Amino acid sequence: MADKTLSKPSAFQDVFARKPGVDKSGTHYCAGCGHGVAHKLIAEAVADFGLKDRAIIVAPVGCSVFLYYYFDFCAVSVPHGRAPAALTGISRVHPEAICISYQGDGDLAAIGLAEIIHAANRGERMAVFFVNNAIYGMTGGQMAPTTLVNMKTSTSPFGRQVEGEGHPMRMCEMIAGLESPVYVERVAVDSPQATMKARAAIRKALKIQMERKGFAFVEILSPCPTQWRVAPDQAGEWIRENMYPVFKLGVYRDKVQETDPRPAPPESLSAREVYALLTGEKDSGKAETAQTDSNNGRHSKSPEAPAIDSICCKLAGFGGQGVLTLGVLVAQAGMNADYHVTWLPSYGPESRGGTANSSVILSREEIGSPVVNDIDVLLAMNVPSLERFLPQMNRGGLVIYNSSIVQEEIEKRDGVKIVGVPAMDLAQTAGDVRAANVVLLGAYSALTGLFTNADLDYALSTSFPKPKAAEINRKAFAAGVEHVKGKEEGARI
Amino acid sequence: MADKTLSKPSAFQDVFARKPGVDKSGTHYCAGCGHGVAHKLIAEAVADFGLKDRAIIVAPVGCSVFLYYYFDFCAVSVPHGRAPAALTGISRVHPEAICISYQGDGDLAAIGLAEIIHAANRGERMAVFFVNNAIYGMTGGQMAPTTLVNMKTSTSPFGRQVEGEGHPMRMCEMIAGLESPVYVERVAVDSPQATMKARAAIRKALKIQMERKGFAFVEILSPCPTQWRVAPDQAGEWIRENMYPVFKLGVYRDKVQETDPRPAPPESLSAREVYALLTGEKDSGKAETAQTDSNNGRHSKSPEAPAIDSICCKLAGFGGQGVLTLGVLVAQAGMNADYHVTWLPSYGPESRGGTANSSVILSREEIGSPVVNDIDVLLAMNVPSLERFLPQMNRGGLVIYNSSIVQEEIEKRDGVKIVGVPAMDLAQTAGDVRAANVVLLGAYSALTGLFTNADLDYALSTSFPKPKAAEINRKAFAAGVEHVKGKEEGARI
Amino acid sequence: MSKQLMKGNDAVVCGALLAGCRGFFGYPITPASEIAHTAALLFPQAGRIFIQAESEVAAINMVYGASSAGVRSMTASSGPGISLKMEGISYLAASELPSVIVDISRVGPGLGNIYPSQGDYNQVVKGGGHGSYRCIVLSPNSVQEMCDFTMLAFELADRYRIPVFVLSDAYVGQMMEPLDMPAAIDPPGPPDWALTPEAATNGNVITSIFLNPEEMEAHVLHLQENYAGIQRQETRCETYRCEDADLILVGFGIVSRILRSAVDQAREQGLKVGLFRPQTLWPFPETQLLEHVGRVHDFLVVELNNGQLVQDIKLFVAGRSPIHFMNRVGGFVPSPEEVVEKARQILGKDAAAPVREKSSEVSVPK
Amino acid sequence: MSKQLMKGNDAVVCGALLAGCRGFFGYPITPASEIAHTAALLFPQAGRIFIQAESEVAAINMVYGASSAGVRSMTASSGPGISLKMEGISYLAASELPSVIVDISRVGPGLGNIYPSQGDYNQVVKGGGHGSYRCIVLSPNSVQEMCDFTMLAFELADRYRIPVFVLSDAYVGQMMEPLDMPAAIDPPGPPDWALTPEAATNGNVITSIFLNPEEMEAHVLHLQENYAGIQRQETRCETYRCEDADLILVGFGIVSRILRSAVDQAREQGLKVGLFRPQTLWPFPETQLLEHVGRVHDFLVVELNNGQLVQDIKLFVAGRSPIHFMNRVGGFVPSPEEVVEKARQILGKDAAAPVREKSSEVSVPK
């Protein structure tokens, strides 16, 4: 065994050709550093389990950013602390990959804390090897979240103080407190005996990946004699004396037995299938699409449609009165009638409980600005809407308002037709007061003759696919039509 | 009591004048929302405890971003999730402030997870009120880390899945696992009885702040009927049925009794004191500074200094041989001799175990580029340094090398003086082999007469303030001087 | 039928699915959230990956991972979220990872508000992250283009191994228009540089650290060569009634829609006005713009920010034509009438009516 | 004595302490880490706050908090860290919080390497965050200026309620020079807008969200007015031997030191070359630069990036003089000799010696 960890595992490169400098056989790590041991244990396990082709390892920022100098499988270096997020992206899209994250303490417990906790909580399919040496290595020996109390570092020159700098963070304990992780263990590489246990833990975490069981976390207490300023041969003792009491070795979670392998994720749909999903049509090509257009007959241009170039509509009311939907209905009918159409909502916090409006433009020409400032048609569900938008009406315009709640006398405006419809009462009769918006659509439609029945059918059936809602809304629509019949027909728009 | 929570506490504004819109008496929250209750409990406690002038609250991003519409004390809105970090900044610089963080679940447990955990771990002096309604409110009902399993949200339209989305995160449990928090409790505002307990917890957290005891965390289970799509009067029941089983109410940590109040932080030094700290001088003004210059006599311009305009030096060797320090010594002596000086290190990963060098320029004129490509003086501690830098020597240049390890014959170069000094041997004799760099300084100094004794005294005493190191290095320096005496004196530079 | 009335934000998701995007990684933010909502609904149905990341930073790094794995992936956000992604975007550019980032701009700086803005132009176009990198930036102005440019973004990202922005705004994202659903494509499998669980890619490495300055210099110069090729090949613009124009209006996104209306209104009033609309903000269609310099007398740049694109127009035109500027900030958009009035002033015609004060020119910091 | 041999990074800490900075909030990153190390040592001794934040994002938000509390505070980082701070910086600008950010630039994009670079110019000067904001950007080129400009940064930050960058590079940060310690100041107490535990400030609010577009517009226009005032008042530059120059070299930071040597070498060889060195990158000393346009024949901009400042020089000069460009990337700096050779070519003199290939002009993306 001792022999084995000294030889170069086959998941290491034969020659470290990527490493700069002359020496292509040793690592770039300092004498006594634990990374080399951890690397070897991982490489050995990957080789022994036959995972070289499937293994993908994420390198952190820190001394081990260069781990790809050594490993002979796929590797990626990612922004500081983000290894679990990047590996999540990899793990999800390659269900066959053996996903390995390798992080130091600054990387994982400081800047990357949110990423490791959330990846663990989601139970991402990955093995995380967390090398804890209680200090930042590469950047110059700064205090890490795992730095021991009173330990001096380049950013805690008076020793880490509990007050203000806190206690060392125990990542195994924190991660074991979540429900999704399958396996959490803390090991060390301070002695051959400890290293044997580390070896077993690393192999177990990788086996969990082979078995597709989920998230495994192995914390490895590891020497950093350079930044600790102790002799390499004293570093093991330093770990045992200083780290063991704070970071207790052991298994913090083991649900391997009771965890089932993850099922394979569903297949990604093909282009043809995606097109069908998005359109309800089975064809993915444009040629067939054109045929569909002429087949379904809904693109019927209304022969009796008034010769109108463009109409600017404002649909307004309280939030919850369905004025956004009303706008969508007008736009859908207009689209079906071969108008160019735009719909623009007012939105934001005011949409919860406040007033809301939507702007719709129907035009025979391509539409520039979708903003409606000068209004041809106003469908108003409440008083504030009338107050706000009446001054913006164009001459020749049409206002239909919900007289169920607007009971004030509406001031006449020159050249503007104003029609009251008791929309909420009619909707209530149709089965649901919330269909008041559709009552106004019926009235508008009847007063202008702008849309064919097919246009309106399309709009209603698209917006209300469920049978019950469809029925109520069709009744409401009819009530709106009926209410204005004979009264104000022939409105210009 | 019920009466009290219905009245407007005096730590609320009388009229919510900052709130946009017409209604300046009610809140902007939806019917049945728990924020209003939580706000009132906090405002009431702040008023009752007489903390209005001292309270500073941080608003999160979310529906409660506008909490400053209501509270009549200092408030600041900060980037999403960063309330604990921003509040740390406030808390540290205003020891008298009562620091309050108010965050929602997306803010605190998703994007801001690292900030809350680390603030808790540092034991920052703040009360954190965490309003958990298991969903994002303002942005449109997305899944939060605390969203319940199978709960449908706008980003979990099929219900939250354990596999891939994980279990709801329990923040009280996680934070109580740290050592620094003083008090952690989960309460709810789903009923008058529950609200009474919430009231007590909020008051306790604020009392801890009054007593300067540290970090207090109160999680408040709170209704969001709008995003849950339940009737406001059903929301309490919804909490009890769905949230209670997952988020158990209760005290998770209470160290209030055994925690001592934080001592007041030390006073910030005045300008005068800071100047003294940085210079070792008691005066903070420039006038006195100039006087000091002439008094201490170290600015003595060496009368016998050779008439040299500028010297470009390269100091090179293995990492650990002190070539950066050697450069500093040359620069310090030069500065004292009234030269303009620059020192530039080679640095980076190579500085650990690899070769290193520093570049020093001494000049009678202002120095442009601090980079040394053409070398006047090379002090070389090893063979690779000689190999690398000999080709860059100027005519008339001087090379001094460490002949303790450079035993090869050095190829003569036209117009370049090359001197070997057994620096490590002489340093060993002086008491420490690590003083070999200073041996070279002695040899260089003796060969050129560039510096006065005062210059060299200044350099050595500044770089080696400790008596023992000072003694060894002065011996090493003298050994270097002695070694070249009579040999190669009068070198041009 | 294949035409559907749809929000711009939803059209982005359609474009992504049609382009074979395998992973969407996002975080809630108004006014981009519908993209995440619709992706949450449709990606799983299409057997694709949707993850609501714990943060904007995590989201862009999930994209980094998925892209390094050789599949098409994307994220979407707005102002503050885009700022948080800047480190990740610099890394994506440095590692040459194809990826798509959608920015539905809102008003900044800071938390600002959720209305339309173009205040992220400098950030997105000049490089808000560190180092000498570039992203391709596409600027749709309709629901159709929200879909089409998202598809195009994936194509360009793969072709040049580069992050591609779709830079839109709250109006184009929130508005509905008919979408004529384009044909879907099956993208090619992972490229040979990708990390995949197969023997063929064994030992592949993706990194952006080059400690050796020679290697780093070669890498940076290689990136610049790629960018130069993109500048030669991929500029896109639309012009409208420019042929005989005395004044050319310049604007992108929702502004270009307003300018189009302004052109029509101006023409009705006898003012010879045209529209130049960059569809790629980087690379900017400089050559196409410069074709009009000399012939056209003036340019009027209209933006929803403090004057960002206008600096580039000045740089390109280099003093050869007067460049005028008009803006609204805070969430407002100028009306076509206001633009026409400004055009009338520039062209030296009498003003027809006073314009609102705030829409007039403000000082433009450089 | 008051002169001390010191690293540029350490001089930043001295400047901060002398300026009365109360809080330093940082995160380790090479080549800026010495700033944190020295702050960790000295701030506590001065009764000031030092916190090693959990992340770059947390660090900038601690600054946000401390600044809102009305005291002077700062952070320092490099490339990737600066990118992560972009959201926070946009918020600082939006909330008008005085603050100081030091960027010791390293090579990017991505992880890059730790050698000197100027690849963050666009990010820092043009606004790497979202929205229409600006930061003042100071560019020191010596250890003395690292200290002096840090002090100046705090002054300007308070005067204009704006975040101020000290944009430096790995060479200026790592080099040692004598520092003549400036006099310390006691800054004024918290301003009346600040959040303090006193009755006088009760009810103060600091925010950057303005849902009402009218308010937001007014706020953004107010910011722009502040910026316009800064542009009028606060430009700084240094010129060297420009009076009779035929060619002016333009560069900042460490490059300006090399250019100064190049000017001397060129003059020795009879080439009339001068140096224009912006000390403020925003606001740029445009007026001072333009004084030379017309009289001087050519400009040569030298940068350690893909050509960022040169775009601004082109914008300002607007075609009136030829602008030449020379760069090194990856961590290299050009030698004075290479610059002189380039100057000789521009001035049409015979080349004295071949220059290294990589330092010649590369294509400059726009």
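In this document, chain identifiers A, B, C and D correspond to the written order of the chains, with residue numbering beginning at 1 in each.
What we mean here is this: a residue touches a chain if its C-beta (ideal position, glycine included) is under 8 Å from a C-beta of that chain, and two chains touch if they have at least 3 such contacts.
What you see is a predicted model, and the numbers here were worked out from it, not measured in a lab.
Participant: Would you say B-C or B-D is joined by more C-beta pairs in contact?
Facilitator: Between the two chain pairs, B-D has more contacting C-beta pairs.
Participant: Would you kindly say which chain has the C-alpha centre located farthest from the C-alpha centre of chain A?
Facilitator: Measuring from the centre of chain A, the most distant chain centre belongs to D.
Participant: Can you give the whole-Å distance between the Cα centres of chain A and chain C?
Facilitator: From the centre of chain A to the centre of chain C is 20 Å.
Participant: Using the average of all C-alpha atoms in each chain as its centre, how far is it in Å between chain B and chain C?
Facilitator: So the centroids are 36 Å from each other.
Participant: Based only on mean CA positions, could you tell me how far chain C sits from chain D in angstrom?
Facilitator: The answer is 28 Å.
Participant: So which bits of chain C are touching at least two other chains?
Facilitator: Expected reply: 30, 44, 51, 54-55, 57, 80, 87, 91, 95, 111, 113-115, 207-209, 211-212.
Participant: Identify all positions of chain A at which a residue touches two or more other chains, and write them in rising order.
Facilitator: 65, 77, 79, 110-111, 113-114, 118, 122, 138, 145, 164-165, 348-349
Participant: Note which residues of chain B are touching chain A in the complex, please.
Facilitator: Within the complex, chain B contacts chain A at residues 21, 28, 30-31, 110-114, 117-118, 121-123, 138, 145, 162-167, 169-170, 173-174, 177-180, 226, 262, 349, 352-354.
Participant: Enumerate the contact residues on chain C facing chain B in the complex.
Facilitator: For chain C paired with chain B, touching residues are 27-30, 33, 36-37, 40-41, 44, 50-52, 54-56, 80, 111, 211.
Participant: Which positions of chain B touch chain D when the two form their complex?
Facilitator: For this pair, the touching residues of chain B are 13, 18, 20, 52-56, 58-59, 65-66, 68, 72-79, 82, 85-94, 96-98, 114-115, 118, 122, 265-275, 277-279, 281, 284-286, 289, 292-293, 296, 298-299, 328, 331-332, 335, 340-345, 347-348, 366-371, 373, 462.
Participant: Going by the contact rule at the top, pick out the chain C residues touching chain A in the complex.
Facilitator: On the chain C side, the touching residues are 1-5, 14, 17-18, 20, 22-23, 25, 30-31, 42, 44-49, 51, 53-55, 57-59, 61-69, 71, 73, 87-88, 91, 95, 113-115, 171, 174-178, 181-186, 195-199, 201-209, 211-212, 254, 257-264, 333, 335-336.
Participant: Which of the residues in chain D end up touching chain C in this complex?
Facilitator: That would be residues 57, 78-80, 82-84, 86-87, 90-91, 93-95, 105, 107-115, 117, 119-120, 122-123, 126-134, 207-221, 223-225, 227-228, 231, 283-284, 286, 305-306, 308, 311-312, 314-316, 318-320, 328-332, 358, 362-363, 365-366 of chain D.
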